[in-house]
Amino acid sequence: MLNWRWLGSRLLGALITLLGVTVVVFVVLRTIPGNAITASLGIESGTLTPAQRASLEHFYGIDRPWFAQLWAWISGVAHGDLGLSLTNGKSVTSLVASSLPVTVELAVLSALIGTALGVVLGVLAGSRPGRASDSLTQGASLVGLAIPEFVLGTAVVTLLAEAFHYFPDTGTFVPLTSSVSGNMSQILYPSLVLAVAFAANVMRTTRSEYVEMAEADYVRTARGKGLSPGRVRTSHILRNATIPIVTLTGIQFGYLLGGTVIIEQIFALPGMGRLLFTAISNRDYPVVQGTVLVIAVLFVLVNLLVDLLYRMIDPRTRAA
Amino acid sequence: MSVLPTVAEPIGSVPTAPGRSWLLARIWQDRNGRIGLIVILLLAVVAVLGAFGVLPHDPIAQHPAARLQGPSSRYWFGTDQFGRDIAARAAVGIWTSLRVAIVSVAAAAVIGSILGISAGFFRGWVDQVVSRFVDILFAFPAILLALAVVSALGSGWQNTAIAIAVVYTPIFARVSRGPTLAVGTAEYIKAQRVLGTPLPRILLRHVLPNVSAPIVVQVTLALSWAILTESALSFLGLGTRPPTPSLGLMVSDARNTVATAWWTLAFPALAIVIAVIALNLLGDGLRSALDPRRDSRA
Amino acid sequence: GLAACSPSGSKNSSSGTSTFVVARTGDIDKLDPHLATAFQTQQTLGLVYSTLVQTSSTGEIQPDLATKWTTSSDGRTVDFTLRSGVTWQDGSPFTSGDVKASIRRILDQKTGAVARSNLIAIKSVDTPDDATVVLHLSQPSASLLYSLASVNSSIESAKDISAGTVGKKPNGTGAFAWNGWNPGQQVVLTGNPKYYGGAPKIKKLEFRVIPDESSILSGMKAGAFQLGLISDPGVAHQAGKSDTYSLAKQPALSYHVLMLNGRKGPLKNQQVRQAISCAIDRNQVMQTAAYGDGAVTGPITSPAFAYSATDGLPCTPGDVAKARSMLAAAGYAKGFTLTTIVETGEYATAGAEAQNIQSQLSKIGVTLQLKQLSTGPYVSAWLAADYDAAVALNGGSYDPFLMYGRYFTSGGSLAKPAGLDSSTLADLLTQGNATSDSGKRQETFRNLQKELLVESPWVWTFRSDDYYLVGSGVHGFTPRPDELLRSLTSVS
Amino acid sequence: MPDRPMPGGEDSSGEIAIEVRDVVKHYRTPGRGEVHALDQVSVSVGRGQVLGVVGESGCGKSTLARLLTRLERPDSGSVEILGRRIDRARGRELRELRRGIQLVFQDPYASLDPRQRIGAALAEVLTVHRLPSGTERVGELLETVGLPASTAGRYPHQLSGGQRQRIGIARALAVQPRILVLDEPVSALDVSVRAEIINLLARLRGELGLAFVFISHDLGMVRHLADQIAVMYLGKIVEYGPWDVVSDTPTHPYTRALQTAVPIADPGLDAPPADLVVTGEVPDAADPPSGCRFHPRCPLAEDRCRTAEPLMLPESGRHRLACHVMRSEADGTGG
Amino acid sequence: MSEPMLAVRGLHTSIRTPSGPLEILRGVDLEVDRGETLAVVGESGSGKSFTALSIAGLLPTGAAVTSGQVLLEGRDLVALREAERRTVRGAEIGMVYQDPMTSLNPMMRIGKQVTEGLKAHGWSKEEARDRAVTVLGEVGLPSPRALMRLYPHQLSGGMRQRVLIACAIAPRPKVLIADEPTTALDVTIQQQILRLVSRLRDEYGLAVVWITHDLGVVARIADRVAVVYAGRVTELARTRELFAAPHHPYTDGLLRSLPTPGDPHQAPLPQIGGNPVALSALPPGCPFAPRCAQRQDRCDTEEPPLIDRTGSRAACWVPREEWRAPSAGVTTRA
């Protein structure tokens, strides 16, 4: 079924990408002024004696040349060890492990909502181009694209609190597996906020693909067979439009991962975005490195998945 | 001598009169493009007014006595927590935001397109290297890239622009690589090679103009994202350096005053929304203006 | 292998009525009070651990683990009588051995304890019996008791110290016992029924990390938290009226200041520094940056040492004409440019203060060039004194010596960022610390404040308010200037 | 005819314009495996002569054109243009040689830069080769291909298909080549204008003494113009000889099939008999049949056709053939 | 004579363009009977495809029939509502398109593409399957059962065209409209398709409308020919008669411009001069007049209707007998 050679070369490429990401993040972090000591002690780090400073530098491993640090880190990663957080001493692996599900669920749920909404609206607009419904949906999608996420996020949080006395519960993250309603009460609203821009993008792509596909020769063939408009729409136009939509969803998913930084901040969700943001301001190298690597892995995986999906949907790319 | 007559009568009919205004005229024909163009032009006029300080109020001067005043005939859009005129600030803010967006997108478009066109045209190892590089940049969360750049360089509009440029460079590389792959094998490029046209000339005169359509469309979209990214960075405290007003900064500052003074948020946010929508509409217009299929008929 | 952090253990808590939820923007970073610098860590561990003495909310020293203490006439010996019947949360009894072990741990250079420099005067510790501790000092130190009252001087159990388990699972004598920590999300404490000050009414206390203060406000509106800690006046300003919470303001010990680097350029000139100080209308800074919340202040913020905020300045601050003429007299009629570092992120009003000060100074021809830096780079630049001026929010203390000793005594740990060397200041500080006579201390520190204003190494603007959004069902909560949450012990 | 100087230096070989020997070109493609686009192909074209190349799609016609114009290089074998190896040439020599041989493409629209005016396109070629490039010369070129000088101001999309193809030819002529390779120059054109282009080519050949390689899938068209015809099938030449022999009395079963397959505009003619109609489709060039590549579709196929590959052997005079069955008995199995 | 199977009368079709509506068909008249093939020839852009699409009711968005009739066994299809029209489409009129590479849905298995049309017209699943297998066999595709499971990209162009034909004839339509179905194919494959369609026409008693620009193809399969120029039929005749004696100078020019086996080698071909006409800029009179060697004054002002001539109907004012030699175009063989 699968084309193993393709998969092999694809995986190799992914690996090289990840290695590149590792090196880049490592180097970039070290070009930023400030280090773990000033980050964890703040202005108090000025009170350190040289001996204290040296012992702390040794403790954090920042007294070694950077390539030695890089090598130590990479070999650690190879063993599944992402190091220890400089700020709270926890293992990065455990920090990432506890925040990863939040972000993944947030991103997946927004992607699902966004795709569903976007496709439905896109078809609605695309099947009657130029009509009022088309202009309306297009207008709405533009507004959706244009509102900054943090404005929308704040607005939603405020509105929920003021009008419904509701605050998305932010205690410990409740995994979907332990309580669906508890989980949803935390994830649903931020997902909706993230889904808005996502849906807007999907809607626009769907619409233009729909309009384009509707002109395709095979659609004319299908109409020529006397099929009902509904059938033509679902089995011919939409089916072919799925490929660009899937591709877009893949690319957008990457942006979603980035978008979680702000949304997790506003909705106080303990996800990767927040972990990352806090770690950056704290110069918590191991955490930043670990988080970025995991996000990159996610991104690469999603793209791989999209490629796979793409190959599954599109018979032309399927291995013979 | 010749057995054939030369065709002397005028050739067919001329569909469109080509000229400098060609693109604008075509955008104008598209409803979305027309709206986008008008709004962008209006915003540009406002921005230029702001940039040259031809406004009734100083956007930076503080009037502590007139803090947080609502819209009035004196202060059209009200004042902020320092008693600064929001209308003036919004005008300059449009200028700053546009400036950040334009500089960053221009840089990203130039660098990204050079990368993408080289990859698509030369293929082979050039393509491998560029594509890998692009993949790596893509795999980074965009906001992290921006954060890292701004943290390393410090804030300020130039650095914000650099950060945004770094984020969008890979997009332009991707967008230009695809069409270049196609254009690179097109017959008119082969024709140039057979004719012995030197490579740089082929790239500059024949490849570039023919892959420019998706790049140009991308530019308008990237401009709109850049405005949003600038505001997101400002929200995280890493955007434009105060007191220079930028729309993003105004919106994120206004989060603190919105409950008591809605106008502090409403007007700058509206400006962002309008600018982003207009740029997207312009993008639609460009897309349709540059669509080769529009010409293939009639 | 950290035992304390199993996130799976905690239950979804908003339903449990017995849980008291405190929302704040940051998380704790360590479990060892001796190493705790982060303010959230001190706030939390201060509830788990006790200290020998404590400060009242007005800055007086009060008993805690020690019920009585006496200082010898030469000021070099201090005797403490310990409270009896106190037990550690793990059940073992509290003795003078624990105190000795704790102090030795703090003084041990290898520990890297924060309080070490403040307790460095302690030469040795004697424990004649289980209920008595004697400290021998190398020189008299009036700030010693204040230092001992700090969370950084918490008493840890000797057993934990020797077992090396300090910082892994907190075990104190305080009102709340350690329950669990989910980094980045929440810390859970449980009421200690055996607490010597009486069992707290709160059975379960949860600190939740809500990074965005606006979201804390929203949560309070929705009734999701019992207490919300806010530092951004903007957010507090938005709070308005609500039946789910009330807003309590408490002036803090920390102060907003424009630090000047007196070792650089025109700022070397005292008259220039004074001119800058004179040009800035403190009230305007407070009005625009903090929506008028807080109090204009001089250098010393302790309520126990209240002095005039401007005595010593040759002008009324905000007098632009005067400032201008002072600047001209100093030879800078045309003004000059100062590169000013401003922190973004944690310190909410920095940007606004900077902008207002910038605007005010522009009137005397001094241009502030704002250099916004995120916390890490800001701290690096600050420590290296790599700036002309810095917009800062510096921590305060009940004891003026503890506040400024490290900046303005020779060899002070923060002498570099202080930006000024003044033997007068150093002498006044040493003098103030050497005596425990309260009248003399009042006098000395009054002179200190005056001298600070004369020298104008920095421009002190205002003490901001800390804001507490107190849930409507919460009774007995009293905020403190040092931002500790001691009163949670008696809250219902 | 004006006696123009030879571009690319002295003509050392005298009569021969193109000499292709045993050229092999394979493409490695990721999905498909190795495509045998050209296998052991040899042709030669005399000066001022027209070689017609016919064959079905995918048989390698365009590949041959690309090798001739050095858009690509052969895997093995040699390509000589005007007595010099264009496949080996580099730098300056290549540029000179390139002026000697020019290519006209099938799709006149695709081969013109859509964003360049006609005049600019022609002037560019002239400038690049440091030839006089004034409006006059451009006008002259346009007139050579039967277009008014005013065409220079047009964009490609403002011209009809036939006009565009004339531009393609004019552009090729701009560098004063000795040889034109025409890759299906009229296939994309309307019937009503095909004759114009064919006539134009015939005229140019007469006026300028050009040699042509005329590629087409239409045997009738090739017949009209060519002196020699090469019939290709799946990367190989199967029959090669004078135009009348190949087109009017074809010997190879494939050539015969081609001949009968082209419908003639005469309703009076009967449809060809069923046994002359080839069945099946052109096999994939990535997986060519064993033996004679035509055997699966050949009405005359015998056992040996399945195993042994027929060699290209002279039949009579300049007529060459690669077929086991139709060869005169004396030649035996042919190897 | 009874009703023809399909008759088109005075068909006008317009399309919306940015510069206003453009009339593409300006009065098309055609008819075909069962078991008969009508060839529609004309240069590119003359409106051949629009004629086919107007008949089938498959015009692109923005295009519509403005007047005229499409009579299927006397029933006017133009007057039908879209839902009724759909029952005719596919079931009674089958369509085969020019580009077999793009006319099949790349994402759908061959079997589904053949059966979905049947199911739309009320066939049961099993009936449709059986019918699909049969019809795929009938169009000469090997092992139809296995083929049903393949996707279009796994087939060659010729095979795809056969699949398209199978789709079209599966519901046993009365009329088959083929829009240049062999243009994209090799000559040997074209030959196979031509034979196939002729065979099917006879077996099914189909009325075939075959659009092409290749007069060779016309000669081989058509019973009747309609020559289209600038959106109108300019000549309508039986094939043999048209080839023997065209009554329109355009037809005449077309016929002469082809190289034929008997031609003198390398001699110039006669050609129709001038340029194809642009629909957006039609001359006032006969649209062919600017290119016509037989032009008279009247031609520049008045557009000729179809005029009955011996063995033909032609839209030309000038009877063949009055033509100047050389007949059409500007060049002769001499």
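Each chain gets a letter, A, B, C, D and E, in the order it is written, and its residues are counted from 1.
By our rule, contacts are C-beta pairs under 8 Å (C-beta built on N, C-alpha and C of every residue); 3 or more make two chains touch, one makes a residue touch a chain.
Quick caveat, the model's predicted, so the values are computed rather than measured.
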If you walk from chain to touching chain, how few steps can bring you from chain C to chain D? 2
Relative to chain D, chain with the most remote C-alpha centre: C
Most contacts overall join chains A-C
Taking each chain's centre as the mean of its CA atoms, chain B sits from chain C at a distance in Å of 47
Between chain C and chain E, tell me the centre distance in angstrom, where each centre is the average of that chain's C-alpha atoms. 90
Whole-angstrom distance, CA centroid of chain A to CA centroid of chain B, is 24
By residue number and range, which residues of chain E touch two or more other chains? 268, 273, 275, 331
Numbers and ranges of chain B residues touching at least 2 other chains: 3-5, 7, 11-12, 15, 151, 255, 259
At least two other chains touched by the same residue of chain A: list those residues. 32-33, 154, 158, 277, 280
In their shared complex, at which residues does chain E touch chain D? 43-44, 156, 158-159, 186-192, 194-195, 213-220, 222, 239-240, 243, 253-255, 257-261, 263, 265-266, 268-273, 275-276, 331
Name, in rising order, each residue of chain A that touches chain E in their complex. 129, 214-218, 220-228, 231, 235-236, 239-240, 313-316, 320
Could you please specify the touching residues of chain B with respect to chain C in the complex? 60-62, 64, 67, 81-83, 150-151, 154-156, 237-238, 241-243, 253, 255-260
Would you pull the chain B residues touching chain D in the complex into a rising list? 1-8, 10-12, 14-15, 18, 186-188, 190-198, 201, 205-206, 209-210, 292, 295
Residue numbers on chain C that touch chain A, as the complex places them: 2, 5, 7, 10-14, 21, 27-30, 37-38, 109-110, 112, 114, 117, 182-186, 206, 208-212, 214-215, 217-219, 221-224, 244, 345-346, 374-377, 379-383, 406, 413-414, 416-417
